[in-house]
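Letters A, B, C, D, E and F name the chains as they come in the text, with residue numbers starting at 1 for each one.
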């Protein structure tokens, strides 16, 4: 596939996941200096990796929350917590991801991310269905 | 709940997930010196956090693979890759978790974990059903 | 021991160490979403690990400063710097912990934590007794 | 060499690299509490390591940008981005360092540092000469 | 550009940098399971990022040594130390990169990487020309 | 103080702490390539920072165990576990440091270090005196 198609496809997915306005703002903030990095993000990350069929949207978001919390990236955790809400993750799922983070990466890794998740998921509806039946 | 019950419950889960022999070996290797840490692992990690109902067994394993790869813990990644096989994760799911790790934690974080996962999942059957319908 | 007793014991210790108001504020900020994490902190961290008799209060605080600085957690370093003051650590002890951090984790790991410690310990009295006789 | 000479030599270099005002402000902010750490920075880091002849000023700055971005130290990355400008690094060089960081440490490691570099290098003149002929 | 061209271009560069045999061995070791990750490495890392003209080959290798040492990836450091030799870096340059790592990431980050570099660069000829005139 | 004096003083301390043979072997292994790093270790780390009077030998060793475990440096943890034995730390102290590491840096950070400490401290005599009265 041509990389310009990858880029276009990734940008569409990114906007669907995080909202047109947020993505536009982040790309504008990157400016000309940040354009090559934005190309990596759009074409390679969202245009390729996020398009792979191995994971459901929900599972991919839960894994992203684990990864960004484990690698001490609270700003990216916030971005992906919003994406997790779009992808239908429940409050209980996010809580349980962060409790794994607490025990496997240490309590401090879970404290700030819990605060961020509480802002975004605190008022989210509880899982409607038996969570054990889902991802 | 009494902590001795937590401990017993966690040890049962750990053995079911990783096999009697492996857990017995790890606990013996810890010796008397490591007994308090083994208590944390059995009672608090497996007896409490892993018993929570928010995540399916499959999703919990996928998140664990993301967390251990992201935090540069290949020995623990190996343990949880075996657990992921027990929990029914597919080769494609694990591949896709590691491609997220490659892009969000850097390619070196995915290289050694890919090698470990290939040992354990290389011969695993492909997902029988449409992965998008699962975790 | 029952986990509710662990929780109560840990909460008492936490309040003694960091002050009633600070702990109440942190627990309120965690909200319902953060309640399971707060339970881990109260019951398992402060109700169990901090109750162990192997370390003096002073040595435990000095180790906590090393651990939180080494793992790039300045917000938690601040919390434990206040705890170190409560536990009787001296300005010289904290300075020397941070110089070990500078040499073993790199100068940047010591810069922000030095600034935080200077706020909290800058005006602390010098150690009254021969430090070699203490922890 | 006497350590007081190392200190004086390092302080001169630091001021030349980052500006008199910035260094004076940072040393004042460190206060009496931070004086031993400032001594390490002046004498051992700038008075010894930065005086070594193995690397050109330009290459040393590019390596510093890679190191501080890779180890999740955005405040220090900012300091050394200013130093890189003083040392004659070009916008294209800094962009390319950060794209290596994106692929080898993960995209989040490059996002905040890109924003910082864009502030400092966004308006910097393009490399005047063939970059392949330089560092 | 089509991604298959990126892949072919990257693979050519990788083989030139690390040797045909090494790359063939690494790709074979990755197996079918690791093929998507190898595609990222060939197409996106070597076919795109390493082709960018902002950095000289020498400077790119020095930055790679800083990045892999700073992020605690000794196996990747070894790969890129060999690449640095191919790219014409001198023993003194690599020594000085690792002394920056020692001071900015802590002495332990430099110990194992020094041992690896000594294996590869210990017998390398000293820089033939004035290093200040190079990268 | 002259840096050659710092170096001689640090080397004496290092040999006293870790044994003549171990230090000689490590310095020989570093070779000519590693000589500048060995100078940093001898002069700046052991000749300066370890000579500071703020911490008792015992407390400094306990902090070092916390720092090296927290920053994922098992080889350096082993070196300092031997130093901790020399400095009179007890089995209980080391156990309790590693339980703090487990809760604040995650269980995987404590597993390998526990195994190392058990080798070195497993047979160490229990603290002879009330540990609360010591560091």
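Throughout what follows, a contact is a pair of C-beta atoms (placed from the backbone, for glycine too) under 8 Å apart; a residue touches a chain by one contact, two chains touch by 3 or more.
All values reported here derive from a predicted model rather than from experimental measurement.
**Q** When you check each chain against chain D and chain F, which touch both of them?
**A** A, B, C, E
**Q** What chain is the most remote from chain B, judged by the mean position of CA atoms in each chain?
**A** D
**Q** Over half shared or under half: which fits the residue numbers at the contact of copies chain A and chain C, same or different?
**A** On the two sides of the chain C and chain A interface, the residue numbers are mostly different, under half being shared.
**Q** Just grab the chain with the largest centre-to-centre distance to chain A, centres being mean Cα coordinates.
**A** With centres defined by C-alpha atoms, farthest from chain A sits F.
**Q** Have a look at D-F, A-E or C-F and name the one that copies the A-B interface, over half of its contact pairs being the same.
**A** C-F
**Q** List the centre-to-centre spacing of chain A and chain F in whole Å, with centres computed as mean CA coordinates.
**A** Averaging C-alpha atoms per chain gives centres 40 Å apart.
**Q** Where the CA atoms of chain B average out and where those of chain F average out, how many Å apart are those spots?
**A** Here chain B and chain F have centroids separated by 32 Å.
**Q** Residues of chain B that touch two or more other chains: which are they?
**A** As it turns out, chain B has residues touching two or more other chains at 36, 40, 44-45, 52, 68, 71-73, 76, 95, 99, 102-109.
**Q** Can you check the complex and tell me which residues of chain C touch chain B?
**A** So the residues of chain C touching chain B come out as 1-3, 6, 36, 40, 44, 48, 52.
**Q** Hey, which residues of chain A end up touching chain D in the complex?
**A** Touch list, chain A to chain D: 29-34, 36-37, 40-41, 45, 68, 71-73, 75-76.
**Q** Okay, in this complex, where on chain C does chain F touch?
**A** Chain C residues touching chain F: 44-45, 49, 52-56, 58-60, 62-71, 76, 90, 92-93, 95-97, 99-105, 127, 131-135.
**Q** Contact residues on chain C for chain E in the complex?
**A** Contacts found on chain C: 103-109.
**Q** Quick one: in the complex, what on chain F touches chain B?
**A** Residues 72, 91, 95, 98-99, 102-103, 106-108, 110-112, 114-115, 117-118, 121-122 of chain F touch chain B in their complex.
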